[in-house]
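Chains here go by letter, A, B, C and D, matching the order in which they are written, and residues are numbered from 1 within each.
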Amino acid sequence: MSLRNPIIKEMKQRVYEANLALPQYGLVKLTWGNVSEIDRALGVIVIKPSGVKYEQMAPEQMVVTDLAGNPLEEDGMKPSSDLSTHVILYQAFEKINAIVHTHSTHSVMWAQAGRDLPAYGTTHADAFYGTIPCTRQLTEEEVKSAYERNTGQVIVETFQERQLAPTEVPGVFVYGHGPFTWGETPAKAVENSLILDEICLMAKENEKINPAMQSIPQYLLDKHYYRKHGMHAYYGQK
Amino acid sequence: MSLRNPIIKEMKQRVYEANLALPQYGLVKLTWGNVSEIDRALGVIVIKPSGVKYEQMAPEQMVVTDLAGNPLEEDGMKPSSDLSTHVILYQAFEKINAIVHTHSTHSVMWAQAGRDLPAYGTTHADAFYGTIPCTRQLTEEEVKSAYERNTGQVIVETFQERQLAPTEVPGVFVYGHGPFTWGETPAKAVENSLILDEICLMAKENEKINPAMQSIPQYLLDKHYYRKHGMHAYYGQK
Amino acid sequence: MSLRNPIIKEMKQRVYEANLALPQYGLVKLTWGNVSEIDRALGVIVIKPSGVKYEQMAPEQMVVTDLAGNPLEEDGMKPSSDLSTHVILYQAFEKINAIVHTHSTHSVMWAQAGRDLPAYGTTHADAFYGTIPCTRQLTEEEVKSAYERNTGQVIVETFQERQLAPTEVPGVFVYGHGPFTWGETPAKAVENSLILDEICLMAKENEKINPAMQSIPQYLLDKHYYRKHGMHAYYGQK
Amino acid sequence: MSLRNPIIKEMKQRVYEANLALPQYGLVKLTWGNVSEIDRALGVIVIKPSGVKYEQMAPEQMVVTDLAGNPLEEDGMKPSSDLSTHVILYQAFEKINAIVHTHSTHSVMWAQAGRDLPAYGTTHADAFYGTIPCTRQLTEEEVKSAYERNTGQVIVETFQERQLAPTEVPGVFVYGHGPFTWGETPAKAVENSLILDEICLMAKENEKINPAMQSIPQYLLDKHYYRKHGMHAYYGQK
């Protein structure tokens, strides 16, 4: 694999644009947040550099690593400190191609509260097939040793224990920290971050408007999710 | 009726502009939302194409259908997936000329909560003559067969059972889903969406500021509604 | 008095700019809101025309009336429907020169809740000397006959009964409706609207963060209010 | 020390830019807020002039004082009325170089509520090492005599009594008033204001989403704080 491969340049451009979309959508403040994309065939991950301001970022600065997260460019920048979490997720979730981490306001509220997000309406069902899980709290040992890898591991553990498909539930809350979302493309993963933040906002207010809130029925969840996903989808221009 | 009729071009322009107003007013994110207009004499409905991004939309792309919702242009785009709901509403509510559906944040909260919106102030009374209803939950059968038509039917049922005039209460919450509003023109229907979202926001906070909130008295509702509507209106430049 | 008096042109410009400031500050949506200015020596009031969109408004369109609210220009537009409220306030509150009415989100919440706003912090004290009152509900008769005048009367009654000085408490909530604020100039009256909305927002959240909220002590209210107002003010460049 | 020293010009530029960042970040309305910087070697403090509008401010107008807060320029403007608070903080907190005061919405809510802010998540831990304190209420005597100095004193007292390091907890709530933050540079102090407001917003909502909210465990606080601060930091490009 050559770093001059034009596919890498395209990945950098997509990852760059998806990172820029985060502040544009109001999903990150300062330098909080990162987007990555994987090309498994090529054996590369492209991710935002660590702590760089969005307004000063350039596409070339996106960091290229191998599938284990080792930087490949000699004079490249340091990758996002959350890279190891992305690496673990890409290893475990084979069908996802892009990952987003933000500190978006309403998603972080649910992560800090340590609560799963019930499907209270069709806006949720349009993008997430059911309850969005919150991980358990990491243990002291998990935090002290390989914290970022263990953040990935606890997400994987959560999806395994609950028997969730990452393609059907493209997001998670890490207890005390914040959300990760993913998707087929960087743009789609960012879109899932946006939707997650919006449904978190609506859900928290819903519990005040109606303290007896219930999830929508399974048949309505099915209808909305499959109206937009899978073989029988009929939303959009395809 | 010819599709070259200049009235259709004007309808497309109005529908296009009204659709664009939704993200400008902060009432939709991504591609969530659609506006349509009907011309009963001409026998056409014009509606937003399905899943198209607002920033890439053009007036010509607005989709023209007959009054049953069948597309009339050979190479036209696919209409919004909510078209069947619009069709049913146009059939039942003979005096409305335009319909808007959004997932605007505060209106969706009330829809998800499954609650009617009481008239807590004159901002509400200026545009909606009394309580804004929320439909019942659709049954499993209604969702599985002709979901979008049945969404329209449950709205019509709600207005019939409660004996409401669609011109006086130009909006509704669909349980678990979101709001529909309507009006004499696409612009007016969008305006009603904006007002609905604002009064939903204020109402939910009001119940916290004053847990004993009551609707405003009937005489104040009458005063404000009829100050702006009907023969004795005296607001504006007419 | 001649309508060609250059003072009137200046008043129109100030009233125009103050009206435009309302949507810029996020204090009004659509056409909800109006600003007026009085010149008692000249015997004129200048106010926003009724129901005109902010983006289409021009300074010349501001409406000139006499002190009883009768339009003076032959081909002028119709004044704001709230003009009679302004007229009553100008008659009773002799030291105020400008009035603003908005439907700003958080102020309307307090008006709809029918509650006075306690001085919970120094942001409040910097502009309002103590509790901001909410009027009683208007009676059916008051609403049915000369509603806008009676809205003014109930504000005046509130200030008289509570022995408040309009210059020290430059704003009020009208029960079920919304806020009125005032000041020495249109710009200052708008500023008071902005501050009122902000302290309404903070107060409602405060009662959730601390259910035992108390007003700030009198000595802190005095300090902040008189740091910015009166003979011993030392804030700003004077 | 000469006032023509180019370092002073640079300080003015930094203080000017940091002041402008406040409205850009949505942290101040009108003229509420001020930023200062100290150069202890040079013996000067540079601070925003009192009551000047942000859109009319120029770098030259920033006010230069000695370390006791006495203006040094003959024709300079009046310094911010909060200068005395800054002076006291610079005297007591020897390692801070810049101070920010705002009336940012969510921080003021906590100040008015008179509550400390617990560390409910890693967003907090990334910038503040643990609970952010709220001062006690100032006494009547403290308010009536040298109010602004005493505001500084009560902050210093709070940090001493709780044995907090100002470099580790770069912010405080003044009871009934609002937040002060600080940092190594004006830009960093503003950033801390932004973070403080965001974590105040999230914390207040968190207590509603989960009434049993707990602070994050000490080991997670340590991990996040020291990932970004101190000798073993590994966030960013250094």
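As a working rule, a residue touches a chain if its C-beta (ideal position, glycine included) is under 8 Å from a C-beta of that chain, and two chains touch if they have at least 3 such contacts.
Given the structure is predicted, the values throughout are model-derived calculations rather than measurements.
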For chain B and chain C, chains touching each: none
Chain at maximum distance from chain A, centres defined as averaged CA atoms: C
Same or different contact residues where chain B meets its copy chain A, judged by the half mark: different
Geometric centre distance via CA averages, chain C-chain A, whole Å: 47
Cα-centroid distance, chain C relative to chain D, in whole angstrom: 33
Two or more partner chains touched - positions in chain D: 208
Topology of the chain contact graph, where touching chains are joined (line, ring, star, complete, other): ring
Interchain contacts, given as pairs of chains that touch: A-B, A-D, B-C, C-D
Chain C to chain D touching residues, read off their complex: 120-123, 191, 194-195, 198, 201-202, 205-206, 208-210, 213, 216-217, 219-220, 223, 227, 234-237
Partner chain D, residues of chain A touching it in the complex: 29-30, 32, 49-52, 77-78, 81, 103, 105-106, 108-115, 137-138, 140, 143-144, 147, 176-178, 204, 207-208
